[in-house]
Amino acid sequence: MSAGTVPLAARIRVDRPAFEVAVELDVPAGTVAAVVGPNGAGKSTVLQVLAGLERPASGEIRLGERLLTRRSPGAPEVHVPVEGRRVGLLGQRPMLFPHLSAADNVAFGPRAQGVDRRTAARDARDWLDRLGLADLAGRRPQRLSGGQAQRVALARALAARPDLLLLDEPLAALDARTAPEVRQVLRGHLRSAGTTAVLVTHDVLDAAVLADQVLVLDRGAVVDSGPAAEVLAMPRSAFGAALAGVDLIRGTVDAPARDGELVRLTTTTGRTVTGIAVGAVAAGEAGAVFPPSAVAVHVRTDEGSARNRWPAVVAAMESVGAAVRLWTAGPNAVAADVTPAAVAELDLAPGRPVELSVKATEVRVHQR
Amino acid sequence: MSAGTVPLAARIRVDRPAFEVAVELDVPAGTVAAVVGPNGAGKSTVLQVLAGLERPASGEIRLGERLLTRRSPGAPEVHVPVEGRRVGLLGQRPMLFPHLSAADNVAFGPRAQGVDRRTAARDARDWLDRLGLADLAGRRPQRLSGGQAQRVALARALAARPDLLLLDEPLAALDARTAPEVRQVLRGHLRSAGTTAVLVTHDVLDAAVLADQVLVLDRGAVVDSGPAAEVLAMPRSAFGAALAGVDLIRGTVDAPARDGELVRLTTTTGRTVTGIAVGAVAAGEAGAVFPPSAVAVHVRTDEGSARNRWPAVVAAMESVGAAVRLWTAGPNAVAADVTPAAVAELDLAPGRPVELSVKATEVRVHQR
Amino acid sequence: MTTRSPAAPGAVPRPLWVPAVLAVLFLLAPLAALVVRADWPRLPGAVTSGPALRALWLSLRCGLAATALCLLLGVPLALVLARRDGPALRALRALVTLPLVLPPMVGGIALLYLLGRNGLLGRVLLDAWGVRIPFTTAAVVLAEAFVALPFLVIALEGALRTAGTGYEGVAATLGAGRWTVFRRVTLPLVGPGLLSGTVLCFARALGEFGATALFAGNYDGTTRTMPLLIYTAFNGGGADQDAAVALSLLLMAVAAVVLLLVRPWRGVTG
Amino acid sequence: MTTRSPAAPGAVPRPLWVPAVLAVLFLLAPLAALVVRADWPRLPGAVTSGPALRALWLSLRCGLAATALCLLLGVPLALVLARRDGPALRALRALVTLPLVLPPMVGGIALLYLLGRNGLLGRVLLDAWGVRIPFTTAAVVLAEAFVALPFLVIALEGALRTAGTGYEGVAATLGAGRWTVFRRVTLPLVGPGLLSGTVLCFARALGEFGATALFAGNYDGTTRTMPLLIYTAFNGGGADQDAAVALSLLLMAVAAVVLLLVRPWRGVTG
Amino acid sequence: SAGSPDGATSARAATSTDTTGTGGGRTVTAPATGTSASGTGASAPQPLSGTLTVFAAASLQKTFDQLRAEFRRQHPGVDVVPVSYDGSSTLATQLVNGAPADVFASADDATMAEVVDAGLVRDHPTEFATNTLEIAVAPGNPDRITGLPDLARSGLDVVVCAPEVPCGAAAHTVLAAAGVRITPRSEEQNVTAVLTKVRSGDADAGLVYRTDVLAAGGAVAGVDVPQASAAVNRYPIAALSGARNPAAAATFVALVTGPVGRKVLADAGFGAP
């Protein structure tokens, strides 16, 4: 495959049992777009269509100058076959060729594209080396561990040097020490080779470290998108907030506010949340974001002086290292981090009615 | 399978290409042991042996009263076949039966154990419901997303109600919002059913939330073990530290210290680290633990007053939300979290020599 | 689990279409020649005669019975050959294939040597229970099964090896005994292979001639199957090829209907 | 990727051992009877005679050539049948199976009707190029391939369906064209099935008798294969069964050697 | 085609004679043919050469193997390829479809007629042997079968050929002539199948040709059937018009129909034509 740096412009619709996946995706040349979203949202589906493994119900996919897929009324159908697209796909399962060694798996792409045996083999060793698998080169996939297989599959996808690289959870199954290393290798390669890439992930770190832009997909629809830092810092969707590990309450702002001013947001259930505006916030839809650690939990209603204060019911609790994270039930459910001591003292348990409070200075309100 | 609550006592050795997996595992009845470790450490191997899918080179496995496997010189070999062990295994790949619907997959275990069709079907629906998959009951595995398939596989493993449950990365592939929910369901089930379980995971949250004890495996050997909270808070192994997201420096203590006293530790490279003793620390091997956020980074050697101060070279950097995490190279490499502003100001980049400092009050020294 | 259907249409490399079409021509052109050359005016009479219909009915019954017997014996044998290994098993596999190379007549002789009145086993059967197998419909079924069984076994063994044992292990961890695993996992997973093997087996049994002729004899209504009738017609005084061809067309037409009823089994892992 | 070997030994349900052993007995007992009843003193002479050795050599050569031809034509056809679907393909699959049910003689007649001197194609070949196929060694190969090809195709098709298309898609995303995918992924993955199919095909070709007898004739050195020699010996005045049995044993022994050389192919996904 | 040496001419003469007459005529002309053929062979200026291909009915195997050896001895210049034996129908079908051969010896007139009808026979076929049915029983005749009526005994397993094939038709005729009605256990495809069943003991008796009983050596015993003359099976032989070696073909036919052939055939149990 060529090493040209090309932009991706796709607009596709695919029918799925319960909904339709409809995505527009513009990835500038040499940048990385992360696609995140709940299980079954359609992330892998999008990659399958981009790779040409599945035909969309309608749509158009362009990679640089090349029209890879077109299916729209009034225009002749175009479907460049998978092998002619120069689009590489690392699927959710490693799918290593069981009859080839790790090194031969990695060399498969270059060999198939006509690279001579020696060069391809050297290249494969290089890749395995970089991913910390040098001593497994001769091993058959059946004798690799899950994480090792995943890394070999990643090496195989990278070694094929496609114009567009599609990565479906590339770092899943990697251990806590290896994941950051591989993430760095991947980042280095994507930047230096200028490969345009689309990355599906469930790990906020992947999105934060690797992606230039993030798309949040839910039931086939894009519910949030934008530069990675923005989407993660100021999520507009509940899933984006969960991924970033922050609380999000959505509502409408009545009176506009300028950057840094206090602004009040009203939810559909009539609750109000006050926070500091990030950028100018016009009247209309907006979101209030705050970290779980900023949420205080009370069992009586007369304590504290926080501006934001509302009743809730504890739904679930989970201890995270030294802290305990609890979730409340109902619409605009939020997470709150409390100390184990507080849990004991307040006798917190699922089903317990509590009151939550957040200082307005901890809440950021944004319009996105 | 019965619902009896039984302890697991295993002692196994398995030959692997590059090393030997040798593990001793005692899991009291109704508790959960987490096995963590780098890729290829032998975690899945241990589960395979416990499930009876592979025979150990030597060893003995007891589940309650029952001797499942024995292979030792001088004693007759025992190997209860997989299907007779009442040991359930959720493998690293979902491996759903491709010819059965999701519900039939879940009902497979109960059906195979003689539960009548109606009861098994109801049970299966219940499980799917609990894992948020109610509307996928009739779906064939090929038409499930990765995370959906993983959850169906989990439901299938749980529905079989084994005496011992082995879970190999049960929450991998789950999205950020679903993972905590499923983790809670799993936790609730393990506690209420009193199922003894061994859990392999790469996620510190799984270990923290689900496990009573944690074993750290590296190249087939147990390098750390103990109650979950202790292993995560005071890791003895580099991997444990990486998993818990803390820095660990190991060395020897010359002078014993009592709980809360300052104590000095010397590394093999001659570096000294001072910190506060956690519990009584005798002379000998010990570890110093501190969070990356406690590490300050300098480019000149004359700044600050921290007790612990040593030169290092930046190896890699990665931005995590608002902070930047950098790793240093060499033995006793540590991670340090700095602000983006500091990165710019200090002109930090891989290869740059720096000096690191940590306040002694941030460092905890433990003997484990 | 999330693998989608393949690159949709066109997974067949273009250059392979040439030999594939040639293969079809090679197999069908002779049949077409047979159809073209058949004596059509006389055909209806030949194929609706009493003996022809009786032979056809007997052929179908025996073919199905032989296939059932082969499934009963062959599926377990294929499983053993696919799942166990070692020099003994390898030798067994080769031995099991041998009846394939036995010229049909000799297969019949072998069966007579074994089950005939003076055969190794036949004598015992006769003396102990008064059972005589040759000249009975049972002999036809046995002869057909003897020649058809290796086809089922070998075809199924290949499919079982291709399918692997991963899912069987999973089923065992769910507490399923070997028998349950076999019924509910192994068999469904090798569906396509089992189907192929059964088709091969049935077709071979239906077309069986040599061993049947020698072992079972040729008696209208009891042991005269279509191939025997066809052979008799062919060798009849004046070599009545036309009748033989007409009967063959009938046999093929019926076989085609049976085979068309067999739905292809999409690979479940596809 | 991390599936280990199965529950090691014992993946075969216990009750299945009974039919499996019965199957082995069923297949081997007649052969054993043949061995026991053979006229051992005369055997060495019969099997080392010039005609016997010539026939054996011809059989092996023709069997291998026919197998090669079948692989060349059959593998592509199996791929088409396995990867494409639709009513036309389903009909084609049934048609392709038909030669299996053709009684052996009739297969020969069909080939003569097509390629004989007055055959549909034979006449053209003769007039245009002066090529005559019947009664030559080429005719033996064609006749054997005609009867053996369906076995390869059907067995391989089952294996291809079982293997699915997942890996082919992966290979395509790595930039491999269909031909490369076919060579480097599809074929290796169906290794066991391909092997089974080839064994079936070779064994069937080696044992082929009816179509060859009619289409190729029975000329010593050119078209008299072992089955024909055996048939001749058997039908010679007085029915010289002993020679026929001796020659059959020779054929089987040679086939056994060939089959034993074929290493079983462990399923790579096992 | 090549010229016609004396031998061929004589053979043609012999052939025309025997088609018109019966028994006696043949006995007269055949020796003459044989003499003239061997005489020509001995005195001919150019000895025979080339290859000779003979198609013969399977039941002739032993005799024709001997005759082939004899022919080779007499005509060392001719490469007589081993005879192709098969069922007459098969051979006829092959000949009609262009199988190369010089001589065809059939086991019955009907199949020979097919070849004649296809215009493949040079002149007329010559009958050179006959065969009659006998009852084949196990050695020692344990069931003490003395004639056709015994075959109707209940509890006796009798096999015959199917009525469609020549030996079956003959059996039918013979049984009818004897006024015996039997229920055979099986109507076999050919003589071999009948014989095999008697040999293996699965049948107590079967109707086969005399020659088959003789050729089987001690494996079966024969019981003569007086009514056998009701169905005499005739063996015609002919040189083929497509012969590549007509001279040798004619000479071979002459050898078969001559005294040497007569002797060999008679030794094997064939009747005189």
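Labels A, B, C, D and E are assigned to the chains in the order they are written; within every chain, residues are numbered from 1.
We adopt the following convention: a residue touches a chain if its C-beta (ideal position, glycine included) is under 8 Å from a C-beta of that chain, and two chains touch if they have at least 3 such contacts.
By chain, with names taken from UniProt: A, B = ABC transporter ATP-binding protein; C, D = Molybdenum transport system permease.
What you see is a predicted model, and the numbers here were worked out from it, not measured in a lab.
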item	value
Most heavily contacting chain pair (counted by C-beta pairs in contact)	C-D
Chain B against chain A, contact positions shared by both copies (same if over half, else different)	same
Reference chain A; chain at largest CA-centroid distance	E
Rounded Å distance between chain A and chain B, as computed from the means of their C-alpha atoms	23
Centroid distance [mean C-alpha coordinates] between chain E and chain A, Å	90
Chain centre separation (chain B, chain D; CA means) in Å	55
Where chain E touches two or more other chains at once, by residue number	87, 90, 93, 190, 192, 196
Overlap residues in chain B, where contacts from two or more other chains coincide	44, 52-53, 81-83, 91-93, 95, 144-146
Junction residues of chain C, two or more chains touched	1-7, 10, 105, 109, 113, 119, 166, 169, 172, 177-178, 181, 189, 191, 231, 234, 241, 268-270
Footprint of chain C on chain E - complex, ascending	87-90, 92-93, 108, 110-111, 113-114, 157, 159, 162, 164-166, 169, 184-190, 192-193, 196-197, 200-202
Residue numbers on chain E that touch chain D, as the complex places them	53, 58-63, 81-82, 84-87, 90, 93-94, 97-100, 190-192, 195-196, 199, 211-217, 268
Of all residues in chain C, those that touch chain B in their complex	1-4, 166-167, 169-178, 180-181, 184-185, 188-189, 191, 268-270
Interfacial residue positions of chain B with respect to chain A in the complex	17-18, 36-41, 43-44, 92-93, 135, 139, 143-148, 151, 168-169, 172-181, 183-184, 187, 202, 204-205, 208-209, 232-233, 238-239, 242-245, 316, 318-322, 327
Contacting residues of chain B [partner chain C, same complex]	1, 51-53, 81-83, 86-89, 91, 94-99, 108-109, 112-113, 141-142, 144-146, 149, 156-157, 160, 162
